[in-house]
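In the two complexes below, chain A is the common chain; its partner is chain B in one and chain C in the other.
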Partner chain A sequence: MSRRPPRGEYIETDTGNKVARKATLVGTQNIMLGGKTVIQPEVMIRGDLIRSIQSSSSSSSSSSGTPNNTAVAIGRYCFLSRASCLRPPGRLYKGAFTYMPLRMGDHVFVGPSSVIQAASIGSHVYIGAKVVVGEFAIIKDYVRVLDETIIPPNMVIPSFSIVAGQPARVIGEVPEGGHEAFELRELYKTVGNNPQPAAS
Partner chain B sequence: MSSKRHSILPAVSAGPKPPVHFSSSITIADSALLTGTNLITISSESVIHPRAKLDSLAGRITIGRRCVVHERTMLGAIGTSGKVTEQAVTLGDYVTVEVAASIEAGNTIIGEGTTIGVGSKIGAGAVIGKHCTLTPHTEIPAGEVVPDFTVIYSNGMRRIDKRGVADLKNKGQARQIEVLRRMIPTNPAKFA
Partner chain C sequence: MAPLNPYTYIQCPCSDSASLGRPSDPTSPASADGDEEDNTFDPRAPRANFSLYPLEYLLYCEDCHQIRCPRCIAEEIATYFCPSCLFEVPSSNLKSEGNRCTRSCFQCPICIGPLSVTSIEMPPSDPNLLAPDRAATPHTTYSLICSYCNWSSTEIGIQFDKPNSIHAQLAKIRNGGASRLTAKERKERRKELSHRGGEAAAAAASEAAAGQDVDLETQFANLKLFYTSQLADPNAGDTGFSSLGDLGFSSPSSLSRIMNLYTGGKLHDPRAKSKLGAMREAVTADEGLLEADLDESSLIAQLHQSDFLDTASSTQICSQPPNLGEPHLHGAVRFNSSLRPVPYLLRTKRSKRCPACRHIVSKPEAKVLTTRFRIRLVAGSYIPSISIRRLNLPGPNGPAAPAILGDLLEPLKPVHFVLTFKNPIFESLKVTLGAPAKTPGRFPSKVTVLCPQFDIDANTDVWDEALKDNDRESSSRSRRRAGTESQFQVEVGKIWERGRNWVSIIVEIVPASLKLEAGQDALREDEDVLEIPMFVRIEWEVENGGEDAASGPGRDKDQQEKRELAYWCVLGLGRIKQG
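What follows is the complex of A and B.
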C-alpha cells in the first residue's frame, strides 16, 4: 500500500532549498533562490514589490517573454532565521516611485527578527539578530554586522568590516583567519526535515 | 518554487470580525489582519500591506488619508495598562508606519506626515506631533508627548527637523501610494 511521507516542517526543493511551511513568501515568482538556502518559519519575503519602471531596452528584447521582474534574488547557502523580513527598497526615481531589486550573495546569514531593505548584500555576510538594514544600503563581502545594529539608508559598508551600533559604525575589521567562519554549509545540513547533527 | 503558486501565506487564526468603514479608494491586502469589536476607519487612498494587524478590541482605530501601513505592524495592541478607551489609535494623514512597528491602544495619536521607523514601539496614550521622524527601533514610553517636527534617533536623542520638506514628503508619499495601489491586490470586500 502507498503511504505519503509525513509532512515535515520544511519544503525541500530539487535545487536543495529548504523553505519552511510557515514562512510568508509574497509573490514567489519574483523571488530567486540560489540553491541550498534555508528559510525558517515566520520569515517574510516581499516578492510583489517589483520594479515598476521598465527600461526601454528590455521591451525590445524578444527572447524573454516578460521583462526580468526579480524582486529578491538570493544566492547559495543563505540562511534566513526566524521572523526576518526581506523587502526591496523603494525610492523616487526619475519622478516616479519605484522599487529596486534586492540582491544577496552566497553564504549570507540573516539573524532572527532582522529587517533587510538593502539594495545589495555581498557574499559571506553575517547579519546578527534584530538588525535593521536601511533602504538602499550596500553591504560588501565578508562583513559581520553585530546584533541590534541599525544601518541607516544609503550606507555603504566596505568589505571585511565589523559593524555595530545605532547608527551603524565600522568598529573593526575581520581578522585574517576569520574567513572560514562565514561558511554556511554546515549550518545548512543541521536544518530541515532530516537534520544532521552539527559537526563539532 | 512552482510557478502555479503565487504566494505562500500560512493561515492565521482570526479574532472577531470588526465593523469597518472603508473609503472606496483604499488598498488593503488580502492577508491583512483586522480583528476586534470596535470600528476601524480607513480614509481615502491609504495602503495596508499584507500581514499588517489592526486590532480594535481596546477601542476604535482611525487611519487618515494617504497613510501607508507596512507588514507585520500591530496597531491597537493592548499594552500593560490594559485600559479600554473609546479611541484606541488615531493616525493622521500621510503617516507611514514601517515594518514590525507596534502602536499600543489607549488614545494614541500620531500626527500628520509622521514616519514611524522599523520595529518601533509606541506606548499607550502617546501623542506624536506632525511630520516627526522616528528612526528604527525607537521606543516611546506610554503617555509621552513628542512635539512637531522632531526627529528621534539613536536611543532616545532628539532634534528638530528644520529642513522644511513637509510638502515634498507628502507629494512623495502620494507618488508611492500610486505605485503601491497597482502592486498590491486589494480586497476590501473581504473585511466589509
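What follows is the complex of A and C.
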C-alpha cells in the first residue's frame, strides 16, 4: 500500500503565508497577502467585491482584468483567526454602488468570528473575538480592540487606543511598554503544519 | 468564579514617600528602600491598588536609575489633535476655541457614535411653497446622521447649507431651526447702533436686547461688561453704603488701600482714591440679570405627554458641552429634542518627565500620524520580566495530570509554580527574592521560594550564544518536552531551568483553606485570589565610561560600577477553591 504523507492542514507558500485548506477565499486574484500571514480554517475573504467604477485614466478597453484591482490587501505577519470574515466596504459613489479596497497593515491579529469591513487598518493592531468593524472605519496603528466591540461605520480610531463597547468608545491608551505585545512573529511560528510550541 | 490568568504587578517606589527625593547614590551598597525592614507589602490594603502596575505601564529614568509609574510621572502636552479628523490643533487655538474640535467632527448625542454629514435631497418644488424664487434652483441641504443608532439632526430640526465647517453653522442655529446671534454678531450690532445714534439708539438697543431671550453667552458677556464698569468707577453706586468707606469689596483699589494700612503707608499711591464707593448688582437684562423662571408647569405637561424614551439619560446629559445658545436652565436638559451634537474632545500626545531629575523619559514625535517615539525608556528594557506557569509534578501514584491554566487551587494541597525571569539588559544580573512565609490577609497561604538567589546571564545576541556552545540550545528545548518534566526533581536551593537570558525557579504554595469560622464576615470579593507579595532585588555591574560626574580624579576607567534596584511586586497565581 502506498502511503501518501498526510495532507497538512495548511498550505504554505514560498513567501511564508500559511493558508488553511478549509478557509474560503473568494476572488483570490484580488487578494494580496504580504508574507508570513496565517489564515486559519473557516476564514472568509471576499475578494470578489471589487471596484465596479473604473477611473477615466484607465484604458477604454474592457474594464475587467486591469492590474490594480485589489479588493483586500494584507500586510506581513497577520493572523486571521477562525471564522473571521474580511469584506471590502461598499457605498454609493457618484450614483453607483461600488466597493472600496480593504487595506491592512503588518502584525494585525483578527480574533475568531470577527467581521472586518473597514476601509483601512494600520499596523500592530489587535482585534478581539466577535468584533464587528463597520464600513469605512479607519483604525490607525497600535490599536487594541477588545472582544465583542462594535465599531460603527465611518469611525476613526487614533493610534495607541484601547477600544471597547457597543458602539465603540476609546477606553484607554496603550502604554509605552506595551508596543512589543503587538508583535506576531512568535504566534506565526506556533501555527502551521510543523508548529513550534509557544515560547513562554 | 472567573478563571484567573496569572499576573505580575509591580509597585512603584513613589508610594514609599521617603524614597522619593532622595538623590540616588549608585556607589553605596545600601538598600534602596526600607520596606524590607518595615512591614511586608500587603497587596490587599486599600492603598495598594493605586500603586501596583503591570510591567507595560512602568517607565524607567536612566539618571535616577529608578522605575517611574503613571502616578508619579510628570506629563507635558506635546500636541493636541482631534481623534476623528486627526488634524493637529495649535495650542494657541485652544485658548480661544476651547478643547473641542471646531471642524465638522461630532458625536451623536444619543449613542456617542460618530456623526457623518449627508445631503438631504429636497423634494421637487411644490407650488404651495412660500418661497417661489428659490424653487427654481435645487438647494441641497445637509444633516448629521449617526451610523450606529440612525439619529439624524433633523430630529432636532437642524439642517445645514454647506457640508463643511459645521461647527460654525451649528453655533448659529438653535434646536428647532431658529437662528441665533453669536457673540461676535451681537457685539457688531451693538457697535453699529452706537455709531449711528446717541442715547436714543442705545435705549432702543437695550430694549431690543431685553425683548430677546438672553442666552448664556450674551448673559456672560453682559455681566462681565457690567462688573468691569463697576470696578472701574465704584462711585456710581447709589446705595447708602458710601459712609462706610473702610469696608471695601475686593476690588483692586480697595485691596491696595488695605495693604497700605499694614505696610505703613510708604507705598501709598497719592493718586488712588481714598474713599471707596459701593458696588451694586445687575438690575436689568442688559446688565446681565436673568430672572429664574421657576414655573415649570409647561415642562411638566410636556413630560406627561412624552414617552420615557424621549427623555435624556444622565450619561447623555453629562456628555453635552454647555449650550451657549440657550438661556441657563435652572434644572437640566430633560428631553431628547434639546440635545445637540457633541463636538469631539481633543486628544493629546504627551511627553513624560521624571519628577525628580526632570529628564525626559518618553517623548513621542510631534506629528500626529507618526507612531514612533524619539525617546522611550520603558521599565521592560531594564528590569526582568516575570512569567508564571503552573507546574504539575507527578504524584507518587502515576504520571502528572496536564496543567490547565486557570484551574482552581485545592486548599491545603501544595502546588508548584514556575517563575521565569527574563533578563533584558546586556549585563548579567544577580537576583535576590524575598517573600513572606505567609501571605497577608485573612486566609494566609504558605509560600516557599525554593531558590531565593540566582544569577541570570546577559541578553547577548542569539548568534553569539549559538556559536559558543550548543548545549544550551538542547537544554532550552528540553524544557518544552512534556515527558522530561518528571526527570527534574524539585530541590531547595537549585534553579529549575536556565537559558540564554532567562532562569526559571519554583515556588511552592500551600493555599489556605477558605473555611469561615463562626462570627467572621462572608468572603469578600476577590479574597479567594492567591496573591503573593515578593521583594525583588537586582544587582548588576556597569562599566563606567567616565561620564559620571561623581567619579573622583583618580578613578580607573575600567572599573565596574555596581548598581542595584529593589522593588516589591505582587504575583497573582490563581483562585482557591471554596468549600
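Simple rule for what comes next: the second predicted complex is superposed on the first by the 187 of 200 C-alpha atoms of A that agree within 3 Å, B and C clash if a C-alpha of one lies under 4 Å from a C-alpha of the other, contacts with A are read in each partner's own complex, and residues count from 1 in each chain.
Heads up, the rule we're going with is that a residue touches a chain if its C-beta (ideal position, glycine included) is under 8 Å from a C-beta of that chain, and two chains touch if they have at least 3 such contacts.
Treat the numbers as computed from the prediction; the structure is a model and nothing was measured.
Visitor: After the superposition on A, what does A:154 contact: first (chain B), second (chain C), both or neither?
Guide: second
Visitor: Examine A:167 and indicate which partner it touches, taking first as chain B and second as chain C; both and neither are also allowed.
Guide: Touch partners of A:167: chain B and chain C.
Visitor: Would you check which partner chain A:141 touches, where first means chain B only, second means chain C only, and both and neither mean what they say?
Guide: Only chain C; A:141 stays clear of chain B.
Visitor: Should A:178 be classified as contacting the first partner (chain B), the second (chain C), both, or neither?
Guide: Second partner only.
Visitor: On chain A, which partner's contacts cover more residues, chain B's or chain C's?
Guide: B
Visitor: In the superposed arrangement, what residues of chain A touch both chain B and chain C?
Guide: Correct list for chain A: 134, 150, 152, 167.
Visitor: Given the complex with chain A, which residues does chain C contribute to the contact?
Guide: Residues 55-59, 70, 81, 83-86, 111-114, 116, 146-149, 347, 362, 368, 371, 373, 376, 378-380, 387, 389, 420, 480.
Visitor: If you look only at chain B, which of its residues touch chain A in the complex?
Guide: 1, 3, 5-10, 31, 50-51, 71-72, 99-100, 117-119, 135-137, 153-155, 172, 175-176, 178-179, 182-184
Visitor: Please output the residues of chain A touching chain C within their complex, sorted ascending.
Guide: Against chain C, chain A makes touches at 134, 140-142, 150, 152-161, 167, 169-170, 175-178, 180-181, 197, 200.
Visitor: Across the complex, what residues on chain A touch chain B?
Guide: Its residues touching chain B are 13, 19, 21-29, 31, 33, 44, 46-50, 52, 85, 87, 90, 92, 95-99, 113, 115, 117, 130, 132, 134, 148, 150, 152, 166-167.
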